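Shared between the two complexes below is subunit A, which has subunit B as its partner in the first and subunit C in the second.
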Partner chain A sequence: MKTDVLIIGGGPAGLSAAIETASRGLDVTIVDEASQLGGQLNQQTQVMRQLPSVYEPMRGFELANKLIELIKDCNVRQLLNHRVVGFYADGSVGITDEENVFPVKAKKIIVASGAAEKAVAFPKWTMPGIMTIGAAQTLINRDFVMPGREAVIVGSSDFAMETAIQLMDVGIRVKAIIEKQSGALAKEQEKVSELSRSGIPFYFNSFIKEARGNGQVEQIDVALPDEVITLNVDLVCMDGGRAPILDVFYQLGCSFGFQEELGGWVPQYNNRFQTDREDVFIAGNAAGITTQGPLLLTGMIAGISASEELQAISPAEANEMREALWKELGLLEYREVYSGRVKHLENFASPVLKDQFIS
Partner chain B sequence: MDKTTIICRCEEISCEEVEEVISNGGRTFDDVKRITRCGMGPCQAKICTSMVAEIIHQQTGLSPSEIPLPRMRMPLSPIKLETLATNSTSFSTVKSVLDEVELEEGKVR
Partner chain C sequence: MHIEKHPVLGRKLHTPVTIYFNDQPYQAYTQQSVAAALMANGIKKLGVSRKLVQSRGLFCSRGRCCSCYMTIDGEDHVRSCMTEVEDGMRIYPNMDDPEVRREIDED
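So, the complex of A and B:
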């Protein structure tokens, strides 16, 4: 199979890159391992207010539907239930439909592989009933399955706070929020106060010492600063933060830079969202963990840059659009994430060997 | 971290085993992997990479940017050999480990 642009990942960033490229008449193929486009948006029921100006505030799954509708208008080849297996020396991408593996030759590749959640390890954390917050969110919002009745949340990021509220909305009792730092990490303090108001205790400087149970979590010991308390729970949702998914970039031979604010090791890229392999572009959480609005913007910039290289848009026009999108990115993105991103770009432009990892 | 804590759930590698490799000089995820099989199960190190990096950081004081990423080989996720073999006569999915050897003027660099 041959295509102008291959987009790996059909989440918000991949979809917005698809819209930018396909709407300019390019032949675009999007590959995703799920049976449905939209990625994590499909289980996000919270309202997203900080979206790029072309979108009005809406819930995550509504945004997914909107993006899917937009790409329908521009004829994008969709390879759903397909996975990327690896990359071959002749430049082709190996994709499987679970029956066979076939090569796809693309002039440009946009990788929007997203992020993976990190777990929080404590004795017996591998027991059933202990899962990441994203897994709990998927169970309630996508699969309509109650993951438990009495829960604790480990971590206090925005994502953890949102999930805590969603768990309560479906009737799960949240018994405590456990945070090892001395205060809540969520940037939207509104959600923290909403949870405090409903009487949920926040245990700061605290961590789970041990979980116990017979075939499933039944009890946890929580180490508070001055005592250890025991809680009876059948669900522990842990939030260890998220990290970019890098295996595709590693296989492509991209270089990486370490940037704490973006989630650790991140592929290096320039202000066109182009990696050190010139035919490979990057978008979304893979380019640094951020929020929904910026995810869409990074996908748009990558799509515009790929379109420019394929002469579907003039350099002057592309520059103008990129500039406007970067400006909007600066407005929508949390300040420390944005400045981390700017630093990441600078490090790529003038690399210091010790901060760079070349696969 | 408690020594009994499982770090690699696929291969059931405990924190103690990871720490032992580090105290014997291990400084990267791949060092730990080669000695313990940590990260060699079905998930292919998708969960334990960051935890091992954290243990290396805590035990040696190396900053996270000094702890390199593990090597990520194809296939990127588990696949049936039958599928990987394909029925195609024009396309071979087989990639030799020799592809990773870097040659310079016909000799291994």
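So, the complex of A and C:
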């Protein structure tokens, strides 16, 4: 199979990159291992207000539907339930449908592989009933299944607070929010107040000491600053933060830089969202963990840059659009994330050996 | 338990199917993942770890952690969070490593 642009990952960033490339007449293929496009947007029921100006505020799954509708208008080839597993010597991408592997020759590749949730380890953390907050959210909003009746949340990020509220809305009793720092980490403090008002205790400077249960979690010990308490729960949702998914970049031989504010090791890229492999672009959480609006913007920039290299858009026009999108990115993105991103770009432009990792 | 009426999304479970876990029938709905459908029926333990034989269940629901491996319709080590239920599906827990070595010249 041959295509102009192969987009790896059909979440918000991949879809917005697809819109930018396919709407300019390029032959675009999206590959995603899920059976449905939209990525993690599909189980986001909260309203997203900080979206790029072309989008009205809407709920996450509505945004997914909107993006999917937009790519339908421009005939994008979709390889759902397919995974990228490697690369051939001639640069073709090896894609599997879980039975066979076939090569796809792409002129440009845009990798929007997203982020993975990290675990919070404690004795017996691998027991059934203990899961990431993203998993719990997927269960209630996509699978329509109750993951438990009595829960605790480990962590207090915006994502954790939002999920705690959604769990309560479907009737799960949230018994406590456990945070090892001395205060709630969420930037949207209203959600923290909403949870406090509904009587949920926040245990700060605290952590789970141990989980117990026969085949699944039934009880946890929580170490508070001055005592250890025991809670009966059948669900523990943990938020260990997220990190970019890098597998494909390793296989492509891209260089990496460490940027704490972007989530750790991140492939290096320039202001065109182009990696050190000139035919490979990057978008979304893979380019640094951020919020929904900026995810779309990075996809748009990557899509415009790939279109420019394939002569589907003039360099002058591309520059103008990129500049406007970067400006919007600066407005929508949390300040420390944006400044981390700017630093990441600078490190790539003028490399200092100790900040880089070349696989 | 299935969520019959979701506070934001309303009623979304329309097409019931029957799946079999350890040869026992359970009700699920199309578009649910195998791991989720089992959880709705109170089954959280999907297998055991290979070395210390400890219980394992759904952890990331994204297909990355591989904690939810099961044997589905005769195929071992299938990620049950990334597989949608089908009517009549036969599901068994992942109790040990699958047999990957085969006689290739048995004729």
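As a working rule, the second predicted complex is superposed on the first by the 359 of 359 C-alpha atoms of A that agree within 3 Å, B and C clash if a C-alpha of one lies under 4 Å from a C-alpha of the other, contacts with A are read in each partner's own complex, and residues count from 1 in each chain.
Here is the rule we go by: contacts are C-beta pairs under 8 Å (C-beta built on N, C-alpha and C of every residue); 3 or more make two chains touch, one makes a residue touch a chain.
If you're wondering where the values come from, they're calculated on a predicted model, not measured in any experiment.
**Q** Putting subunit B and subunit C onto subunit A via the overlay, clash or fit?
**A** They fit: once the shared chain is superposed, the two partners occupy separate space.
**Q** For A:35, decide between first (touching subunit B), second (touching subunit C), both and neither.
**A** second
**Q** Regarding the shared-chain residue A:59, is it in contact with subunit B (first), subunit C (second), both, or neither?
**A** A:59 sits against subunit C, while subunit B stays out of touch.
**Q** Name the contact category of A:189: first (subunit B only), second (subunit C only), both, or neither.
**A** Neither partner.
**Q** Quick check for you: in the superposed arrangement, does A:230 touch first (subunit B), second (subunit C), both or neither?
**A** Neither partner.
**Q** Rounding to a multiple of 10°, what is the angle at subunit A's Cα centre between the Cα centres of subunit B and subunit C in the superposition?
**A** Rounded to the nearest ten degrees, it is 70.
**Q** Mind working out whether A:169 is in touch with subunit B, subunit C, both or neither, as first, second, both or neither?
**A** The second partner, subunit C, only.
**Q** Spot which of subunit B and subunit C makes contact with more residues of subunit A, would you?
**A** B
**Q** Examine A:85 and indicate which partner it touches, taking first as subunit B and second as subunit C; both and neither are also allowed.
**A** In the superposition, A:85 contacts subunit B only.
**Q** Have a look at where A:198 lands relative to subunit B and subunit C in the superposition and call it first, second, both or neither.
**A** neither
**Q** Looking at the overlay, does A:122 come into contact with subunit B only (first), subunit C only (second), both, or neither?
**A** In the superposed model, A:122 contacts subunit B only, not subunit C.
**Q** Quote the smallest CA-to-CA distance from subunit B to subunit C in the superposed model, rounded to whole Å.
**A** Scanning every C-alpha pair, the shortest subunit B to subunit C distance is 5 Å.
**Q** Taking the stated contact definition, name every residue in subunit A that is touched by subunit B in one complex and by subunit C in the other, in rising order.
**A** 33, 116, 119, 126
**Q** Would you tell me which residues of subunit B are touching subunit A in their complex?
**A** Residue list for subunit B touching subunit A: 1-2, 4-7, 9, 15, 46-47, 50-51, 64-66, 68-69, 71-77, 79-80, 83-84, 86-88, 91, 93, 95, 99.
**Q** Show me the residue ranges of subunit A that touch subunit B in the complex, using the header's touch definition.
**A** Residues 33, 83-89, 94, 96, 98-103, 116, 118-119, 121-123, 125-126, 209-210, 240, 243, 246-248, 250-251, 256, 258, 260, 264-265, 354-355, 357, 359.
**Q** Any idea which subunit C residues touch subunit A in the complex?
**A** Residues of subunit C touching subunit A: 1-4, 6-9, 12-13, 29, 31-33, 36-37, 39-40, 44-46, 49, 54-64, 67, 81-82, 84.
**Q** Once bound in the complex, which stretches of subunit A touch subunit C?
**A** Residues of subunit A touching subunit C: 33-35, 45, 59, 61, 116-117, 119, 126-132, 134-135, 138-141, 143-147, 169-170, 215-216, 245.
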